[in-house]
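To start, the structure under review is shown below, and the notes come after it.
The letters A, B, C and D name the chains in turn, as written, and every chain counts its residues from 1.
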Amino acid sequence: ATAPVALAQKAVGEGEAAILELPEHTRGLGQPVVTDGYGKPSKYEANVQRRQSPGLTQTRQASVSFAPLQSLFGIVTPSGLHFERHHQGWWDIDPSQHRLMVNGMVKTPKVFTMDEIMRLPSQSRFHFIECGANTGMEWGNVAVPTVQYSHGMLSCSEFTGVPLITLLEMAGADLKNGKFLLAEGADGSSMTRTIPMSLVRSGEVLVAYGQNGEMLRPENGYPLRLVVPGVQGVSWVKYLRRIEVGDQPYGSKDEVLHYVDLMPDGTHRQYTSIQECKSVVTTPSGGQVLLDKGFYSISGLAWSGRGKIRHVDVSVDGGRNWRRARLQGPVMDKCLTRFSIDWAWDGKPAIVQSRATDETGYVQPTYRQLREVRGSRSIYHNNAIQSWLVQENGEVRNVQLA
Amino acid sequence: QAPADPAQRFPGVGRAATPAEVKAWDIDVRPDFKGLPKGSGSVAKGQDVWEAKCASCHGVFGESNEVFAPLVGGTTEEDIKNGRVANLRRADYPGRTTLMKLAHVSTLWDYINRAMPWNAPKSLSVEEVYAVTGYLLHLGGIVPADFTLGDANIAEVQQRLPNRKGMSTAHAMWPGAELGGARAPDVQAQACMKDCPVEPKVASMLPDFARDAHGNLADQNRLVGPQRGARTVQAAAK
Amino acid sequence: ATAPVALAQKAVGEGEAAILELPEHTRGLGQPVVTDGYGKPSKYEANVQRRQSPGLTQTRQASVSFAPLQSLFGIVTPSGLHFERHHQGWWDIDPSQHRLMVNGMVKTPKVFTMDEIMRLPSQSRFHFIECGANTGMEWGNVAVPTVQYSHGMLSCSEFTGVPLITLLEMAGADLKNGKFLLAEGADGSSMTRTIPMSLVRSGEVLVAYGQNGEMLRPENGYPLRLVVPGVQGVSWVKYLRRIEVGDQPYGSKDEVLHYVDLMPDGTHRQYTSIQECKSVVTTPSGGQVLLDKGFYSISGLAWSGRGKIRHVDVSVDGGRNWRRARLQGPVMDKCLTRFSIDWAWDGKPAIVQSRATDETGYVQPTYRQLREVRGSRSIYHNNAIQSWLVQENGEVRNVQLA
Amino acid sequence: QAPADPAQRFPGVGRAATPAEVKAWDIDVRPDFKGLPKGSGSVAKGQDVWEAKCASCHGVFGESNEVFAPLVGGTTEEDIKNGRVANLRRADYPGRTTLMKLAHVSTLWDYINRAMPWNAPKSLSVEEVYAVTGYLLHLGGIVPADFTLGDANIAEVQQRLPNRKGMSTAHAMWPGAELGGARAPDVQAQACMKDCPVEPKVASMLPDFARDAHGNLADQNRLVGPQRGARTVQAAAK
C-alpha cells in the first residue's frame, strides 16, 4: 500500500530557504484590485472540487455530484461546491420570465413574479440539505473510498426567502382542510413532492431565492427553490413554479417509487421525509494519509432533521470507548454543527467514529442497530455511524464493523 | 401599520391566475385520480409510441437497454392477485423494476405525462400517455393486449397493480400527523460511553483492486493540511 | 431625472405567455452534473460584482474594491464578492512554502508550516470585517451614489483558524509583560499592525486559513490571515508571516500615519481600532429605483465591534419617528445582523434611515452628533446614520441631512 | 488526555526558529528604536537614492507628481519647535503630507525599509534607508543638507519632528487598557423614538453632473427584485 507521506519538518541547519530567501511576493508588487469582479479560489485549491462517483448513474443529467467534505471547514458550504442532484439536467432560467403559481384549495389562485416575491418580508436561515440517498451506496457494504462519495450529498447554506405560509395566506388557502401541499418545478422533470403542511404552518418552509448572500446557483434551482428544513433534498424543489394546496398526498414518482425505504418484509415506506440525526468525521477520513504521528484535531459534522444537535461523541477504538466532542456554536436548528476533539495518534491502527444525539434524544445508530430494523437492501436514509480505519502507514480506510 | 388580513397586507404583490394559466400548469394526477384528464389510448397505439419515443432508452420490452434501469419485470400473476410483489421479500433478488414497486397507477401516468420522453418532456398527447402507460402495464401482464386504458377504467386497473398493497406510511419520518404514522423513530440506539459491548472487527472494506475505482485520491485532497490524499494510481512509468 | 420603471404586472387577458407557452426548460433536457467542478453564479447575475470607485485611489494595487451590498441577502458575503483592500497588490502564495514565525518575548521563537497550523484545534466563527475607511468619503458631504461605494468595504464570513493564544502558548510567550503584539504580512507591504493583547487573551483572535468553508481567497490573504473580531480590517493582516510579542506598541505606518482619526483640534488619534456600532439600509438604497408604490420590506445590516446588536430602529421620515426592526437570528458577536421592517410606500418623498444600538448600549450617532465631537475632516470610522431619499419618481438618492 | 502545558500539548507541531531566520524576518523598528540596525547614510546619498528609485512616483521634491499624495510640505520651523503642525488645525488646509502627520521617525524608517520602493520592496541597503529617510527629513527642513542620519543620532532627530506631539491615544477605540485611553466612547447619542427634534432637510446630495461619475447604476443592480438600478448613462443615440 501507500507509504506515509513523511513531511514532519526536517532539521533546518541555519534555516529554511522559504524564510532566509525572501520569496518573490515579499519583494515585489502584486496584482491589482478587481482582477476578478467575482473572485475565485487559489490555484493551489484546484483539488477541491465536486465530483461524480464513477458508474453510479446511467446518465449525467439524472445524476449527482458530491461535495468535497474532506476539504471543508466550519459549516457553510461554498456555493461553488454545493452538491448537485438533477433528474433532468440543470438550467439557467431568466428570472424576469419566471413565475410562481399558487393554486388548489385557495380562494384565489395566484401568480407571482420574482420582483413581487423579492418584495415580501424575507427570512435568512442556515440549514443543511441532504439528499435522501446520501450514504445510500453503503447500506450493504463499503462501496466508496472517501467521505466525499460516502457523505457528500450534504451541504449547508444561509438561505433567504419568503415563508411559504405568507404566499398561501395571500391566496386565501384553506389551511384547515388543506393538509398537504404539492411543490412542482419548472424543469423538464417538473419535480413534484408532497410537502408536510406542519412545516409550512410553523413558518419553516421558505420559498427561497438567496443562498449564502447571493442568488441561488443555477445548479441549485435559480431563481427559486423550496427550502424544507430537516427534510431530504428532493423536497427542496428547484426552479419552483407551482404550489398546490390539497387534502391528500400526491403520490409522485419521487416519493412513492423512489426515495422509498425497502424494509426487510418487502414493503416500502413512502413519504419518509425527515433526515434523521447523523454525523461523520471529515478529518481524518477515508482516502487520506496522516503525515505523522502526534497531535490531531478530529473534526466532523453533525446534523438532525428533527432539530438541534445536543452532543456528539467520538471513539478512536471502534466504539468501545467514547469521549464527548466540542461543538462549535452557534448550534442551529436543522443545520450542520461542526464538532472537534483532540487526539494524539500513537501510530497504531485506530478506528475513528462519531455518534450524534439530537435534542429529541435520538441517538445515531450503529450499522448493526440500523440494519436490525431496516435490513440492508434500502437505498435511502442511511444514517449509521461511519467508521474510518487509520492504518499504521497513516492511510485512512472506509470500513464497516462486524 | 400593515393590515392583519394577509391578502390585503401586501398591496400590489401578486395577481389572480387565469383559468387558462392554471390549466396549463396544474398537470398533476393524484392517487384518487384528481387531475386526470378525460381520454384513452390503446395498448397497440402504446406500442407504437413506445417503440418510436421510449425504446431507445428503456429497451424494446421495457427491460432497459444496457444503460437504463428496467421498468418491467419481476412481477407475477400471483402478485397481481395478492397486491404484493413476492420478489421484494427475497434478499437475493437483483434490482427492483418500476412495476415491482408501483402502488398507484396515477404515479406512472403522472410521471410519463410530465417528464417523458426524458429529452422532450410534455410533448405527448393525452392519448399517447394513456396508450404508453397501458402498454407498459401490458408488458407487466396487468392488462391484455387488446386493452384501451382510459379515465373510465383506470380505477379498475389500479386494483390489479402487483404491489398496490406493498406500501406503508407507518413510520416516524413524516413531520406532522397528516399521514397517521408512528411517533417514535423505529431505530432506538443508546449512547454507551465506556467499555461498550462491541467487537471492533472490520467486516467490510474496499478490495485492493478497487483502490483506483474513484481515481487518484491524492488529486482529490488539498495539498496542505494535516493529511494528504492517498496515491491510488501509480504514476505512469517514464 | 429617471422615470420610475413601471413593472407592475399588466392585465394578462387569457394569460401570460411565460405561463401558457411552456418555456424551453420545461420541455427539454438540461445540462449535466459537474459542468463546473467549482460552480459560478447565473449569467443573469452578472451585474452583481465588486467594483472600484473611480478616482478614489492613485493606483490599482494600493486600492480597494467594494462589495455590492445592495444585492446581497442575509449576512454571509459570498467570497467572490468579498471587498478587497490591498496596499501592495495581492498574491496567490504556495501554501506549502508559507511559514508563520512567532518571536519576541517568547521562550522559544517558533516556525510553523501550514500543515502544522491546520493540525491544531481550530474554531469557526462568523465575524464581520470592515475597513476603517469605510464610508470615509462621506465625512464632509455626500460623495458617492450607492451603498456599494458608501458602505461596501464591509463583508462577513465564517472564518476558521487556530486561536492565536494557542500558538503564543506553544512558544512560551510572556503574556504578563508582553502587552502588545505585532502582526506582519508576507507581501511587499509586509503590512504591520499592533494587535490588542486583550483580544488575543480572550481567545478571539484567530490565525485563520478558512473562509466560508473553503480556504481564504488569495485576495483575502491565502493561505493565512489574522482575524481580529470587531477591529478594522487593516489589522486582519493578510499573508500573515510573523507575530512578535512586545511590551510597547509598534508605531507602524498604517496605525500612526494612516488609519488615524483627525480631530477638530488638529490632533490625530492613533491606534483607533474598534469599529463602532453602525448600520445601513441596503434595500432600498442609493441609485435604486422602486418599481411601484405599495409594500416593501426595508432591509439592512447592523454590526458592532463591541459585541452583539441589541436592536435596530428604522425611520422613513428622516429621523422624526422610528420603529423597531426585526432582527434575523442568530444575532452573533461582532458579526453582521440582518434587520428588516415592513413599509408601504405611498409614492411621496421619504427619507429612510436605520439606527443600531449594541449590547453595550452605544447608539449609532447622526452625522450631526458625530461631527460635533469629531469634526468632518477625518477619513476613518465614519459610523453615522445613513439617509436615503426616496424621490416621487421612485429613485433613491444618497443624502445627508442638515 | 492532552497535557496542560501548551508547549507539550501538541507534539510534533512547530519547531524552533533559527537565529538567522529571526534575523531575516524580524525587521520592524519600534518608536523606541528597538529593531533599528546600526548604520547611517548621508542626505547627499539620500538624494541619489531618491532620484534613482523614488522620484518617479513621488516627485523629485517629494511633492508628488500628478498621481501620488505628497510626502513633504505643510510644515514650518515653528512646528519643529512646537512639535505640533499648525496647518492641521486649519479646516481649509488642503491635504495632509506624510511629514505633517509623522510623530515617530521610526515609522518612516521602518516603512521605507519594509515596503519601498513600492515595486521592489526590501531591495534597499541599510545605508540607503538611512540616507533616503534623511533626505526626506531634509526636504522637510528637519535636518540640514550636510546631515548624516544614523542609529547614533536618530533619537535627536525625533525631537525635531514637526508633529511629534500631535498624536493621542486618549480614546475608547482600543480594546483593552494597554494604551490607557478613555473607557466611554466619545460620541454619546440617545435613541429618540417619537417626534424627535430634527429638521429632516437635505443638506448634501450628489450634483446632477456627477450622476454618471460611477457609471451606469442600472448595470450595477440585479435585474430582478423590488427595484432596479437607476439609468444614469443615456443610451448612445443610434
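Going forward, a contact is a pair of C-beta atoms (placed from the backbone, for glycine too) under 8 Å apart; a residue touches a chain by one contact, two chains touch by 3 or more.
Since this is a predicted model, take the numbers as computed values, not measurements.
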Touch-connected components when subunit C is not counted: one piece
Interface with more contacting C-beta pairs, comparing A-B to B-C: A-B
Centroid distance [mean C-alpha coordinates] between subunit C and subunit A, Å: 27
Interchain centroid distance [CA atoms averaged], subunit A/subunit B, Å: 21
Centroid spacing, where centroids are CA-atom means, of subunit A and subunit D in whole angstrom: 46
In subunit A, residues with contacts to at least two other chains: 9, 16, 19, 26-29, 44-45, 48-49, 51, 59, 61, 71, 88, 95, 101, 111, 113, 115-116, 119-120, 188, 190, 215, 223, 241, 291, 294-297, 342
Residue list for subunit B, restricted to those that touch at least two other chains: 9-10, 12-13, 15, 17, 21, 25, 118, 121-122, 222-226
Graph class of chain-chain contacts, one of line, ring, star, complete, other: other
Chains grouped in pairs wherever the two touch, ordered by label: A-B, A-C, A-D, B-C, C-D
In the complex, subunit D residues that touch subunit C: 6-7, 9-10, 12-17, 21-22, 25-28, 30-32, 34, 67-69, 84-86, 88-91, 96, 98, 101-104, 106-107, 110-111, 114-115, 118-119, 121-122, 166-179, 185-196, 198-206, 210-211, 213-215, 217, 219-232
Complex interface listing, subunit C residues touching subunit A: 7, 9, 16, 18-19, 23, 25-45, 48-52, 59-61, 63-65, 71-82, 84-86, 88-95, 97-99, 101, 111, 113, 115-116, 119-125, 158-160, 186-188, 190, 209-210, 212-215, 217-219, 222-223, 239, 241, 291, 294-297, 299, 328, 330, 332, 338, 340, 342
Residues on subunit A engaged by subunit D in the complex (per definition of touch): 8-9, 12-16, 19-20, 22, 26-29, 95-96, 113-115, 118-119, 215, 223, 292-295, 323, 342, 344
Contact footprint of subunit C on subunit B as seen in their complex: 1-2, 9-13, 15, 17-18, 20-21, 24-25, 118-123, 222-226
Residues on subunit A engaged by subunit B in the complex (per definition of touch): 2, 5, 44-45, 47-49, 51, 53-55, 58-59, 61-62, 68, 70-71, 87-88, 101-104, 107-112, 116, 119-120, 141-146, 148-149, 166-167, 169-172, 179-180, 182, 184, 188-190, 192, 196-199, 230-231, 241-242, 244, 246, 248-253, 256-257, 260-263, 265-274, 276, 283-284, 287-291, 296-297, 313, 317-322, 351, 355, 357, 362-366, 369-370, 372-375, 377, 381, 389, 394-402
